[in-house]
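We just call them A, B, C and D in the order they show up, numbering each chain from 1.
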Amino acid sequence: MSETAASPVPAKASGLAGGLLGRLDGVLLTLVAGAVILWFLPVGMGRYGTYVLTLWLVTAIAVMGLNLTLGIAGLKSLAQGAFMGIGAYITAILGTKLGIDWYTCFALSGLACFALGLVLGFPALRVKAHYLAFVTLAFSTLVWLVLRNEQWLTGGTFGISNIARPTLFGLRTDGALAFHRFVVVVTLILALALWWLVRSPWGRAFLALRENPIRAASLGIDIRAYTLLAFAIGSAYGGFAGALYAPLVEFIDPTPFALSASFMLLLMVVAGGSGYQLGPFLGALLAVALPEWLRFTGGLYLIVFGIVVLLLLIVCPTGILGLLDRGWTALKARFGASDGSRP
Amino acid sequence: MAELVAYIVAGLATGAIYALAAIGFTLVWQTSQTINFAQGEYVMLPAILILAAVAFLGLPVWAAAILGAALFVVVFGLGFKLAVVDPMIRHGVLPLAIATMALAIIMKESAKDFFSSEAQTFPSPFPAGAVDVLGVSLSLQHIAIIAVAFVAIGALQWFVTATRTGRQMQATAQNPGVALILGIPVARMVMLTFAINAGLAVLASVLISPIYLAKFSNGDVIGLFAFIAAIVGGFNQVRGALAGGLIVGVVDSLAAAYISSSYRLAVPLVLLVVIILVKPEGLFGRREERRV
Amino acid sequence: MTTMSRARVLALGAALALTAAMPGSAQERVKLINVVELSGAGATAGTQWRNGIDLAVADINARGGILGRQIDIVHYDTQTNPGNTRAAVQRAIDEGTYSVLGPVFSGPIGASMQIAQRAEIAQIVGGEAAGLTRQGNQFLFRTSLSQAAAMPKLATYLKDTVKASRIAVVWVNNDFGKGGRDAMLPELQRRGIQVALDVSTEQGQADFTADAIRIRNANVDAVFVYLNEDESARFLLAARQQNVNKPMIGETTLLGARVIQLAGEAANGARGHVGLSIDAPVPAFQDFGRRYQARFNIASDHNGLKGYMAVHMIKWATERMGRFDRKGVADTLRGATITPQMEPGILITTKIEANGDLDRESFLAEVENGQQVIKATLPMINP
Amino acid sequence: MTRPVLEVSGLAKHFGGVVAVDGVSFTVNEGEILGIIGPNGCGKSTLFNCILGQLLPSAGTVRLDGMDVTGATPEAMNRQGVSRTFQLLQVFPELTVRENLILAGQEHRGSMLSRLFGPGDAGLTAEADRMAEVFRLGHLTKAKAGGLSYGQQKLLDAAMAFMAGPRLVLLDEPAGGVNLTMLADLKERLRAMNVEHGATFVVIEHNMDFVMSLCTRVIVMVEGKVLMSGTPAEVRADPAVLDAYLGH
């Protein structure tokens, strides 16, 4: 079972249930198994370890979205950090000022980012896909300015504190472990939704517009609609991640959503393996957990981190999973293919 | 009126710095499709290297400047090309762009951890003070920056259009494939553009550090503005990058003067978006080939 | 197969975290963890704070430690990011820190103060924003005056000494600058001083020329400058270049040794209110300044002093209790007055309010010929 | 009896001062296989791109089943039942043969919503496999398209053009670079599609034998203009054609 299959696996059966069975594959199994492991992993780990694990998952959600936009559909967005910020602020403001429950805030965060993605993508993608990078660069900084300047709404540089954590069936998730498990479930649901999406005809269309938009258009694929959707759905995942980030930290201010955050998220997509479904988890692990583990190197840990990332990219520009994929292919070639995909 | 002139001159001075950074940016983009997200750090670091040479080696400033500049051009011009760009370029624009982000982290953190987390004074090659021109008080340093930047860019333009090597470089930038067929040493020309990029960064660094003070975090703003300048001017033209830098500098200065200063940063960005919507190839860019 | 490898990676992480969380083997040592901005926007302030702490720990350990126990100091960088700060403070507590030191920026403090509060551990911070001590947190302590305490002194100075009636305010748009400005404006209004020009600048801003021209052209009596040290120096340089001949009034961040060092001649004439300054007419401060310069080859700003005092606050409280008691540190500090006679490392008599605010003497100073000259000493607000 | 499917009249395309297509008019009738030949650079591919919306024509009209579709987008043209291949190979190398075929057909099935929530193959696996079989690729459905031989990729490219059950197929040099055996296969398959499914074709081709043996009618283009049109026999016999093209 290869976890590295980026390309959609066609289903044999039709219908939702049959489709699910037909689509059973390495990615799905890894996601479910990973969720089970992560459910139990923090037991006895201390709140710090649990917190870092949770932060990793929350970051991975934002990276998953960007991976759809960039890795699958090939659109360069420099605003994923800003979308995360919009989600976090919607959740924090509605939650603390209006007392709206987390689930509504979560849905609204995703929805708002989806809508903003459409509004932003429409003019940007009018001419050429790579102008999206420039427009989102500007958007990112503008969002940050609004978050910082409009103190009446966002708390400005002082941020918003005391953001409540959600309750699930009357159970509170205030504790580190309870919230971690809550995030594991949400992450699994979002990852499964994306997994389904990538294997649907939509996913195939996204891939086609990344690989060869002119050919895709000649096959009747509505380039503009799919491009906008890929960007908007990816952005919505940024919003979802933000909606979890706010109650995780219980405090937000504009700094984690600045342009540099969008750059870091981009780095995570590429370093993990752009286009691979499990890449975002590895990329986020690299960016969230590696600096924490590197703290033993003392004050120079960020330099070490930078060097590790630089070397990683020089050695395998297609990211960690790209490297594994190549290795796996080489192994298969040596020992002969055992599964259906003959070369 | 006098006030307006002062704002514009100040804007032109910072704009000239952005232009130097943006020109290097477009040069490496043209010859090797490299988007250097460490461009701001490229302008930050030379001044730090020079100061470090003064502090740790006890060199006089002029010797430190020569050593620092040479070291920088070798390591971050040629070394960058060989060690980072060459192994990655065939995998497309994105992994390389991300690698330059990592490079930016390394440069910035190294400057901070191995030299100083604080701003440092940097000796000015030009006298302080101001001159009165038609009733407008203009800073000598600003005028000197504008003059030096223009001379440098003029020299670059001359080199590119009037010398054999320069024309070869230009041919390489426009079409490496054809250049190769014409017998132009493409690899050496590409190398040359990386060296020129590093050289321009050194110049920009030496020019601004007396005013801005040398500090590890200086690259953040300069990098962003150089990037904006390159897009505004059109990614594929030296002339465009020059104009883009100057426009962004002046717009920023005027924005600080006449528009809510907490949204000052927004003005060049809004300009950027408007230009993308109205003239996507940049103000001075060539229209890249087409699809309806 | 890959599921396995991922599990193994995570298990390894868990193991690492567990080892790290195990209490230190040294029974006769005390562990202090400093969580502070060593990279990102707060790196300059955070590095000074760390240096101050390192100097304090060296001093204390050289004199036999706290109650005979040597201090083990660990610094965790926050990248000036609230999420990372929270992780680092959580880690510090999981690793059994005796008290939490830092951070300095208000945002990261806001993100982490509940954690120390929940763990009932004292957190000694470098933040000055007025709001921090208004949330009823019994475990949060400052190391400097809050802006709410400092600004009235400055407003009075502007009114009575500078005799300004129209001023320009230049502030850095981060929590420090915005907090200071927001605390200052009502004080100015109360004293009938008009703010003719309100200039917001960016953190890390390099070019202040346009701001300086604006101020030169505004018809004001004085300029209130509330920027971080490096930006203050850049602003003073730009103002001098643009011939802004108005009195520059500010706080420690305008008059400090660092600013004078950087701005050179352009700093002359700057004046205002100084809380913690190595140039203050307090021998202990000056001695600290010399030793700091000798060790780190750089002049200390107020953050260096704050870090130094933070460790000594913990030392004093522990020795006062006569035992190591995490919660007790906070209880002992609250409402205490620490004098240099009781604890030389506190440098100046410091009164800790019930809410964690501080009260101290402070100074009015002016920069003359590249030196900070103290013109007057202001008494404590509630002695 | 024979209805015109595609009517092109006065179509022109200028690039700056260069006239690539200069007032071309022709009609394609249902069930016809129309060949367009001409020397390199005579504007054949530009003509295709103008008809199919890849380029905006400078002048002239394109009608499909009598409806004016001048300047419609490529995706709109495809939805109207016109599919095409490109001169240069344009399969999706990362996808398998089956997925390439599904991709070519999926936008003609169901709605956006059913494409999201419905089966991953849009119910097209069987049809894709059948089409692969038709184009002699049945044994390769699970292989990545990038790994096929050039000729096989050309077959796949052509097969993709038929997945949507098109009214009209425009093939841009389908025989280019394909070896003789494959070529016979391809020709036979195209003819079968024409006879069995009544598909209408326009073929741009250099390979004279291929065109002459496949097409029912041939247009000769020279320097952006139509030189003549007629049956293969007529074209072969025309001295002007020989002069302009065949003679050399």
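Following the convention adopted for this analysis, a residue touches a chain if its C-beta (ideal position, glycine included) is under 8 Å from a C-beta of that chain, and two chains touch if they have at least 3 such contacts.
Bear in mind that the values here come from a model prediction, so they are computed numbers and not experimental data.
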Chain whose Cα centroid lies at the greatest distance from that of chain D: C
A-B or A-C - the one linked by more C-beta pairs in contact: A-C
Chain ID, smallest distance between chain and overall C-alpha centroids: A
Chain B-chain C separation of Cα centroids, rounded to whole Å: 35
Length of the line joining the C-alpha centres of chain A and chain B, rounded to whole Å: 33
Chain centre separation in whole Å, for chain D relative to chain A (CA means): 40
Where chain B touches two or more other chains, by residue: 109, 262, 265, 291
Residue list for chain A, restricted to those that touch at least two other chains: 148-149, 214, 299, 302
Where chain D touches two or more other chains at once, by residue number: 54
Chain B partner contacts - residues on chain A that touch it in the complex: 70, 76, 123-124, 126-128, 131, 134-135, 137-138, 141-142, 145, 148-149, 214, 259, 263-264, 266-267, 270-271, 274, 299-300, 302-303, 305-307, 309-310, 313-314, 317-319
Interfacial residue positions of chain C with respect to chain A in the complex: 1-3, 6-7, 9-11, 13-14, 16-18, 21, 38-41, 75-77, 79-83, 86-87, 90-91, 93-95, 106-107, 110-111, 114, 129, 131, 135, 173-175, 178-179
Chain D contact footprint on chain A (complex, rising order): 6-16, 18-19, 22-23, 197, 199-202, 204-205, 207-208, 211-212, 214-223, 225, 340-343
Residues on chain C engaged by chain B in the complex (per definition of touch): 38-39, 41, 43-44, 46-47, 173, 199-202, 204-207, 209-211, 213-214, 217, 229-230, 233-234, 237-238, 240-243, 258, 261-262, 264, 298
In the complex, chain A residues that touch chain C: 1-4, 26, 29-30, 33-34, 37-38, 41-42, 44-49, 51-53, 55, 148-149, 151, 156-159, 161-162, 245, 248-253, 255-256, 278, 281, 285, 289, 292-293, 295, 299, 301-302, 324
